[in-house]
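Look for chain A in each of the two complexes below; its partner is chain B in the first and chain C in the second.
Up next is the complex of A and B:
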């Protein structure tokens, strides 16, 4: 009986650990079976995966490490500009350019961390918001990067199938990273820092290092996603790539899905992207509905859709266990 | 008699931690004032002293949470003054927080694992699991390993606090009031736990108000008072010391001191004490209150008559401040009723109670730092016509001339005593019928305390009804007509000030002495 329950728990735990990769595998079918997906479906798939990557990275930062950032746009933007610059100026292959773009994002996060980590809580959030806005203004006003008009990609334009494959690879990488992060000792340290940074220091956790590592990994993933977005658009300009919209959308997805939960970001990203597609013809309605959903969820289900699902499963599980023991 | 001088001659290598000239200044307050301490390897050392004496600051300074203004800390022969908290923890300094700070959204077991994973990230999962399990057993948390720390009640959180610090396998353990709020049986358990750690290698510093823990665990004690080391010696010696009793219990004050306005003789001319209450200003009936899961007050019945001064006494954590907060409306009573001036105020929020005449001079002063002295005063009298307002302002300046000369300065540029005068003045600006003075002498020099109490005597003679919460028992009893003693949230004693003064229970309640 107990043995059974333990093995059941272990099974569930295994699914939870592998779940992220299962999702990636699902998307992989679209890439492996030729002509399975239409051009439209491929582009929707691209959008979905891109947002899942961004939401996973943001959840790692905010949900696990307590660093609620409104600076996602900074990293999306840096990644985008670095990719276009690299492809235009040098002949590096696209995957290498995406990797370098990601590293550039990680480097940016490391460079700003001494400043933003001095801020705690809401002040950190506002600090990262300022970072994104400052970078946007810099890009507009400095002539080197095309100013307000931005840059055009001179390389060959990618096909939808090619884009799909690249973002799939990034998604697999992300799910691997997050699975390691969410289920290892690292996750325990991150959550300790999230819950009480000072108390964590008193038991020997070097909070600055934990935060820096998390910030760099999340920024790397976000910048790589930004690079792929630029590759898809074939043009970058500061208003779009450094726009506050990126920061806010990603935050909304994770909150709708369930902050700090392993599958919150995936559920949230899928929900928001599909909702956006369904209401594509009514943009005002889309924004209003997202707003209402956010308000309702924050009021009644602060752990988001994944939180609601988890509670339901637990309730069901208890009922099943109860039936067994009778 | 224990001979404490035997430790003095030993070489510095025998000390696990040595604190030299340690000073910490906050705005207006010196929380640690040139403290020198040396704690031997394997020693269990106690630190006692009144509230606000700087005990927790000292724990913070040694643990690394608080940066010193000056002085050095030598730990195991190494100067650690500049090291951050995490590095000190890795060298074996573990501490607990007086108000527990668990990792709320993690399970109890995970809370314990943090120290392990941080120190040795590659530890085998089985070893880590076993260590956590063993610690849960040892600290009486075995059944709670899977619970979220958020769901633990206060006293369990205190155990978790100790368990988490022990996971560091500390060479120096700093326990900050882990005994507060424990019932006798739990105190016994805690003492057993501390004895089990006393292996001759681990050094333990115990900051405690529960004197039984100090007496049964510590060989030596230091007494802190207003940030400075007041006394140090063997436990028996310190606990028997008259001067220590006078700063900690307050019995030394009053006997040889002559306050110009002290109506010593008047205590006999208070006939109202023994009479049945003809009229009450404030009436509490069966009041129960607390914070979240922690129930602090249980069924308190209490009354105050017009023009009377009532002292509220009791140990730390007995519920004095909660009682004050419940009367002023900062904390809602979960059951029972509060009547003030013939009106049921149980459900009224605090700002409405102020309008009915209850003013609260809160612990910790709560001065608005960006406003000037005069603005701080005026803010409490916004809805009053300007004539009355000026009149009250003048009265307060007459009571505290020091405030008048500094009326244009910002609130935080004042000394600690002046800040307290300002807080008292502000509570008077609303023209209250009843003022609650909560720990107004906290962290103040004796001379300043004298000056504040002179002002309170003046106010009492003018007929102001007041409730006084005070660590300094003698001062409070000098001023009060009646006094009550709270013990673990219940009213243990209530009677005239003279009766309470001569009550042997009082000494027992405060100092844990047998009758």
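Up next is the complex of A and C:
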């Protein structure tokens, strides 16, 4: 490898360390400068940041640790219901309620881990899918928690600016967690478990603990995101909050953006939110097109849009380096 | 208070229905056992079979039960290019990529069904679907008995194909060790293509029977996919008669949940059972052996 290429890659790596926080800083401008963003822009920003949080959490699970989940809806839903319950019953401040909702999600993931981790790999996907559907059916059928109609939040409608600030705080927390996670010993452990669980166990990695820890952190972030979504809607019902659509969207964002790559989730979230805005009037077509994009990308660009971008940058870098050495 | 007759009839219906569910689960089970593929499009194949039967009846008046084999064959042929052009090229990247492709396919097909056939609830209207059959204490719809007999025959037929024919021998060899099978001259690619098609045919035939007994919507697929997974896990992956027993067990439990707790709990039973069996006895109640 030539000198220029090494320094280019080192430079890219350095940007990667800070990049997550730079993205959060970009959103922070919207919160710090008053009246910069319209109400509509604030709400789009809310959705974008919420999706980035969900996608980062899912990427931590699937991209770094090899745990492909189809049960994101379980954690979004639990977070949402816990927040509404807490605010209605106890009157704790919103940030505390969001934190407790996140912890409830982490507790749920720990509770179901014996089932979903029991058989390797693919059963995690089916197990998490079953978990989401089971929780949805439970919430519809049991008479507690409002049954099929759900619960209403007995609080004032939050302003767009307030929502924006809360989700910004969650995004900053998420980017910190992922940046630290992606550049520590933990990331090596996660990748070792992902690539070959038996070999990792042979050299002394406690695979179950690594998987459980990752699952709990990802679930905490997803449930906190679900809690903020409920705070925005001021009502929760099982069809929406435990809907399969959450699990589909989260998976789609990461696959489209680039699974296992640092910027995959952000790129994917921007893409999915844009596509959603463009096709807002055609919900079925929107999902069908998302599915087609998924199939095509998995077949021809398994590292998603970020992978394509990286390959292009590398190609460009090689060409520049080649020109220098002549 | 529930009468003895009601409970007995409900258990009998659940038993018979379980046999039909086992046929659909068999398709999922052999694809999982032979190709190590979690086919998340299995539920959509089931719904596709039901739609084909529905429109065939509407257009030509041909009874879906008589056309069961052509319907299964049609969906199997439609599934072949999916395996050949989408799944086969991804097999070398490990199990996640093909699985996520089937997931993509499932959401594409489900939403195309909504766009072209509408989200309406459909049912395949046949006179015999409502005729009751009374045997002593027990009274069950005649169509449950017909469906059960057809399903068990189909399951036994699949068992014979796998245990007695040359294709079955290739299939078992590919399931145990694909590279060793290829080394001794088994065309593993062909085996995988035919296995996938056979799985789709089981789903379509079972879907047709389900379409006659119940109703279906484009979104029914996810529900039956998970029910089938519960049966596969109960019966042991790739274990054909385990799948039949698992299906019957689940059918009976669903019926009991339906009459004691309410109809809404039917599907929940399968999911809770699935997660508990995974936690407690992941090899299945009857152990798995490869198809």
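Keep in mind that, in the parts below, the second predicted complex is superposed on the first by the 312 of 326 C-alpha atoms of A that agree within 3 Å, B and C clash if a C-alpha of one lies under 4 Å from a C-alpha of the other, contacts with A are read in each partner's own complex, and residues count from 1 in each chain.
Everything below uses one rule, namely that a contact is a pair of C-beta atoms (placed from the backbone, for glycine too) under 8 Å apart; a residue touches a chain by one contact, two chains touch by 3 or more.
Please read all numbers here as calculations on a predicted model, not as lab measurements.
Bringing the complexes onto one copy of chain A puts chain B in a clash with chain C.
When the two complexes are overlaid, the chain among chain B and chain C that reaches more residues of chain A is C.
Using the contact criterion defined above for the overlaid structures, shared-chain residue A:260 touches chain B, although it does not reach chain C. By the touch criterion defined above, A:269 reaches neither chain B nor chain C. When the shared chain is aligned, chain B comes close enough to touch A:200, but chain C does not. By the document's definition of touching, of the two partners only chain B reaches A:189; chain C does not. In the superposition on chain A, contact of A:23 is made with neither chain B nor chain C. In the superposition on chain A, A:241 makes contact with neither chain B nor chain C.
Once the two complexes are laid over each other on the shared chain, residue contacts for A:288 go to chain C alone; chain B is not touched. Chain A uses no single residue to touch chain B in one structure and chain C in the other. For chain A in complex with chain C, the residues that touch the partner chain are 66, 68, 70, 112, 114-116, 118-119, 121-123, 125-127, 129-131, 133-134, 137-138, 140-141, 244, 248, 251, 255, 284-285, 287-288, 290-292, 294-295, 298-299, 302. Of all residues in chain A, only 185, 188-189, 191-192, 194-196, 198-207, 260 touch chain B in the complex they form. The part of chain B that touches chain A in the complex is made up of residues 63-65, 84-87, 89-90, 94-95, 97, 101-106, 110-111, 113-115, 117-119, 121, 164-165, 167-168.
Of all the residues in chain C, the ones that touch chain A in their complex are 36, 38, 40, 86, 89-90, 93, 95-97, 99-101, 103-108, 110-112, 114-115, 222-223, 226, 229-230, 261-262, 264-265, 267-268, 271-272, 274-276, 278-279, 282.
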